[in-house]
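The same subunit A turns up in both complexes below, where it pairs with subunit B and then with subunit C.
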Partner chain A sequence: MIATSIKWTRHNLFGKPLDVVLSLLVIPGVLWLAYTITDWAFASAKWDIVVQSLRVLMIGVFPADQAWRAWTASAIIGAILGAGLGCVFCFKPHHGLVLLLVPVLLLIVDGGLENALPATGIIASTILGWALTSYVPLTRKVLPAAAFTGFIVIVAVMAPPGVGLWGGLLLSVLLTLVTSVLSLPIGILLAFGRQSRLSSLRIICTWYIEVMRSVPLILVVYWIWILMPVLEPQWGLADVARGMIGFTIFYSAYVAEYVRSGLQAVPRAQTEAARSLGMSEFDINRSIVLPQALRVVVAPLVGNVLDIFNSAPLVFIIGLTDFLRAGQMILANPQYGDRTFEVLSFLLVTYFVIGSMITYAARKLEDHMATGTR
Partner chain B sequence: MTIHETSAVRGMVDHDHLKSRRLRNRIRHEAIQFGVIAIVVALLGMLAYAVKSGLAEKGIRFSFSFLANTAGFDISEGWTLTSGESFLPDFTLFSPDMTVASAFVTGIFNTAKIAILAIILSTVLGTMLGVGRLSTNWVVRNLCFWIVEFVRNTPLLIQLVFWYFAVVLRFPPMASAAHLYGLIVSQQGVYVPALSWVGGVSILSIALATLILVSAVGAIFDPIKGMRRVCVPAAVICFALLFVRGGVELNFPVANKFKASGGTSISPEMAALLLAIVVNSASFIAETVRGAIDALPKSQWEAAASLGLSRRYTVNDIVLPQVFRVVLPSFGNQYISLTKNTALGIAVGYPDLFNIYGTIANQTGHSLEGIIIVMASYLILSWIISTLVYWANRRLNPTGVPR
Partner chain C sequence: MNAIVEMKSMNKFYGTHHVLKDIDLAVTRGEVMVILGASGSGKSTLIRCVNGLEMYQHGRLVVDGFEMPVEADRRLGGERELAQIRKGVGMVFQQFGLFPHKTVLDNITIAPMRVRKKSREEAEATAMKLLDRVGLRAHANKYPGQLSGGQQQRVAIARSLAMEPHLMLFDEPTSALDPEMVGEVLDVMRELASSGMTMMVVTHEMGFAREVADRVVYIDQGSILEIGKPDEFFDNPKNDRARSFLARVLKH
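Coming up: the complex of A and B.
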């Protein structure tokens, strides 16, 4: 045992002169950093601020007595995401146990039921959705319809206190979901438009995609935000809706580029074979080219969802209270002025956990899609 | 060609029939073409009309004349171009009595400044991280992996806020700032030594400066490799001569009570933005580099090993030169998205193009005209970058050379 570990150390840490130097430089540094962070996290950091303001971080300035609406919406989102997950990964009991750790941890840290109860509900509905699509394949067929109904229910449940009050992590997730769903069909149309035989359509789509890809997202969101009231003053669209439109307009161009790369990956012979069977151009694109193209780009599109989620904090520019703004709001309280590290590291770690899960899902999907093709 | 055309009766093709069908198809094609253009023009026209009437209701007139007005607000840092007395425009610090157009130029200057610095630094750091992920050293390999994973999976904006509020603003104040060979790191900003021109207008100094410029340009652009090799030492020698003759001198910053004088200062906002963007882009670049190294045929490593090359020589002379040929286009995309990310400077108050546009829109009310200018500026910046990368790519991959 000791001999193996010495061999491993010699092989992996002190193999060559350069490795020895690197190890001697890096290992003490890493150990010191790890010690500092652990010492700070467990000894000197005051995490009570995060626990106390967890509701604000999660749902923003949504009124406290109406919080059940936000929790219901979160549970529905959890169920939809879980059900989507179940179509690809089969649910195993240990997954459920790991997920249930979250409310248990909250209960231990917080000591009250105020936060633990909603968390239990959200996690339970996620597990339910996941298990349902894993074990009852028939439910996968009705998932799109169910998800659509779910979205309408979410809006209906969340709307009464005022759309302007949406916020926190819930807003970031909602924005990501709506943008990813809406930008897909527009992106597909743009991708086909860019490959069209009509030169006018091709030029217009190319211009749209190129312009959107070379200006910053923050500019597009801000622009849509100020342009909407000028165009249609009588609509009185809420800031949230204008933000979602801006995100969709911007990310459609990115989706279009991903889809186009997928369209180019479909062998020409497929189109020619379909044409020789006498199918119309529309039928060829819809039932031969697109399914094969989408199969290739599913993993990059999931990566794109991560991009959208990571740029969600940009909505601060139009005055929405997303996850980051909620954190900054808490820090603006002079009482908590010295807790910058605690709040910011909580934000970063939460984002990292969710982002890593999306990345992991994208990688798994890539493997899943790669097996059994052609 | 459709089924009907290929299966003409007994191989006989009715030419007149075919001709008329082709004509019909062409007319239909043109008609659709025309229809698409008409629809788009109509949509744009409706949009323009709606915007114009919407603005008219609020009493705002769509015009670019506000660009010539006096700005009336100050910008914390940045240079601009103004029409000086001479034929050439003056390059001076921005002041509130200049025009709005000058303010836009200051914004473009600040955006370009941070973009250029970040492109250089993130390429170096990213390559190091990417190579580090393939190190034989277990600790280095895993450290690089986790840095890249963490940065890639968290939003840039939160990273920026973290760098600004939790790192840069926690630097020691000027009185107890760290000094390191002329480098001063403090809350009030980071100060680095700068080269300053003290040669006046003496002929020798100007001649040496011109020579440095010419040889620097030659070192990059000269098509003959031998000439490029000669140009580099020439530039260095000229620079050393200039330095010895007293044409330029290193200007060290000196810390006073609240500020430092001399040297070049980097404001806290710029330092935070630069840190955030460099670390973020470096992680994406590292991922690209690692992917390209992984995609390199294994036989390259084996061939190098069978020639008895050490790992360092293998990486430096065999792997990286081939990798840089492949990754340049992805680097270009990363440079463009880096330039776009500088717009986040508004979150920490760095006066980049978007931030200054916000101020101008607030002050003058001409937000829509401003948007057009800002969009065009970003488009032009992106085009410049992609043209440069395309040119560099052509240079590295001459046509006809197999990969």
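Coming up: the complex of A and C.
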């Protein structure tokens, strides 16, 4: 064991003169960095600020006495996401145990139930959704309808204190979900429109896609935010809704381009075979071309979701308090002026964990779609 | 006159390239017509015109009582009418064209269900009968990628037959197959021919042509040079180019 690791080290780290130099520079550097970070994280960092501000980070300026509404919404989102995951990635009990560590950890660090209780609820409903679609395949069929109903419930539960109060990580996740779900069908229609034989439709779709891809997201969001009240003053749309519309309008163009690359990857012979069977163009596109196209572009489409999530902080431009902004808000309090690194570290780690979970789920989704096709 | 396909001085161009020149051809119901010719002679293009996968520019083409519009008129629409004619004309491709994301059974049932509005039960019952006919009943729930080339092509034939066509087009159905699989596909086609199906077959299988064809058509550079009974054509070709073509392909 030790002999093999020495052999491995010599072969891989000290094989050539250049390797020796690099290793002598990098290894001490990494060790020093790791020591510094660990020392800071466990000895000098005061993490109590994160625990105390956890509610603000998670749900923003949502009123504390109404927090149960936001926690309920979070639990529903957890159930929907868990159920979605269960369709492609089977739940195992040890997954549940790892997830349950979160509330346990909170209970230990916090010493109270204020944070641990909602966390337990959210995690429990996630596990429930995950296990349900994993073990009862029949429930997968009703998932879209259930998710839609869940979303209506979320809005209904969250609305009473004021839509303008939505914030924190919950807002980031909601924005990502709504944008991802809405931009997919719009993007698919745009992609088909861009290939249409009707030249007017083709030109409109091409222009839409090209314009959106040539301007910054933040500008589109801002434009929609100031334009909506001018165009449709009687709707009185909340900032959150206008932000979601801006994101959807922008990201639909990107989805359209991904889908178009998938459409082009479907061999012409497939269309010809379907035509020779007398199928209508609509049926051909819906049942033959689109499913094959989407399989090809699963990875970029999930990458797009990640992109949306990581762009969510830009909604600060229209005055919304997303996860990152909530962190800044806490730091704006002079009393916490010396805790910058603690809060930013928490943000970094949380973004990293969520982001890697999305890419991990994407890999599972790809594996899932690859089976049985070739 | 009981022609299911009628071509009258049909012409097709790819840009300035004249692919089909003044084609006059009639296929009677129940006939098996084999179309021979060197590659690039226009024989695939000819049968692809019959179900509208290719457009022609001048002349006239009537398929199963339906006047196929020339290219200038196709641009104005008419996809729905085309779909109507395609319902009655099956086609088998060189590269099979099975839908890789659907099982064998779903490949066969999708068109009858969507186009002929059959119920799933009815479509599946027909599909299983057809799979029996091509000897692949046991593979109904596999995906095309799990089958050999010969099996895929037999599924493709069954898929076309599920639409109960009046005419079957075969575009080099065995050219993409390993030699040991050619036989199983030709057997299915032979059986289909003996059942009275009208067939237009583009192929390089001379043995099959001689045995099964009612008439053989020889095309070279977009023109029909010879039409006749297989025995006459193979034993005593009248045209010089047909003779040298046969000399080339029959040598091995």
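Throughout what follows, the second predicted complex is superposed on the first by the 373 of 374 C-alpha atoms of A that agree within 3 Å, B and C clash if a C-alpha of one lies under 4 Å from a C-alpha of the other, contacts with A are read in each partner's own complex, and residues count from 1 in each chain.
One rule holds in what follows: contacts are C-beta pairs under 8 Å (C-beta built on N, C-alpha and C of every residue); 3 or more make two chains touch, one makes a residue touch a chain.
None of these values were measured; they are calculated from a predicted model.
Asker: Now for A:Gly278: first (subunit B), second (subunit C), both, or neither, which partner does it touch?
Answerer: both
Asker: Can you tell me whether subunit B or subunit C touches more residues on subunit A?
Answerer: If we count touched residues of subunit A for both partners, the winner is B.
Asker: Once the structures are superposed on A, label A:Ala312 by its partner contacts, choosing first (subunit B), second (subunit C), both or neither.
Answerer: first
Asker: Taking the superposition on A as described, I'd like to know which of subunit B and subunit C A:Ser199 touches: first, second, both or neither.
Answerer: first
Asker: Given the touch rule stated above, what does A:Gln270 touch, subunit B (first), subunit C (second), both, or neither?
Answerer: In the superposition, A:Gln270 contacts subunit C only.
Asker: Contacts for A:Met1 in the overlay, against subunit B (first) and subunit C (second): which applies, first, second, both or neither?
Answerer: neither
Asker: First (subunit B), second (subunit C), both or neither: which does A:Gln292 touch?
Answerer: A:Gln292: touches subunit C, not subunit B.
Asker: Scan A:Asp19 for contacts with subunit B and subunit C and give back first, second, both or neither.
Answerer: A:Asp19 sits against subunit B, while subunit C stays out of touch.
Asker: Show which residues of subunit A both subunit B and subunit C reach, each in its own complex.
Answerer: 278
Asker: Within the complex, which stretch of subunit C touches subunit A?
Answerer: Going through subunit C, the ones touching subunit A are 51-53, 79-80, 82-84, 86-91, 93, 95, 97-101, 110-111, 114-115, 143, 145, 156, 159-160, 163, 169.
Asker: Can you list the subunit A residues touching subunit B in their complex?
Answerer: 12-13, 15-16, 18-19, 22-23, 26-27, 30, 197-201, 204, 211, 213-219, 222-223, 226-227, 229-233, 278, 306, 309-314, 316-317, 324, 328, 331, 340-341, 344-345, 347-348, 351-352, 355-356, 358-359
Asker: So in the complex, the part of subunit A that touches subunit C is made up of which residues?
Answerer: Residues 269-270, 272-281, 283, 287-288, 291-292, 295, 372-374.
Asker: Which residues of subunit B touch subunit A in their complex?
Answerer: Listed in rising order, the residues are 2-3, 29, 32-33, 36-37, 40, 47, 50-51, 54-55, 57-58, 135-140, 143, 149-150, 152-159, 161-162, 165-166, 311-312, 336, 340-341, 343-344, 346-347, 354, 358, 361, 367-368, 371, 374-375, 378-379, 381-383.
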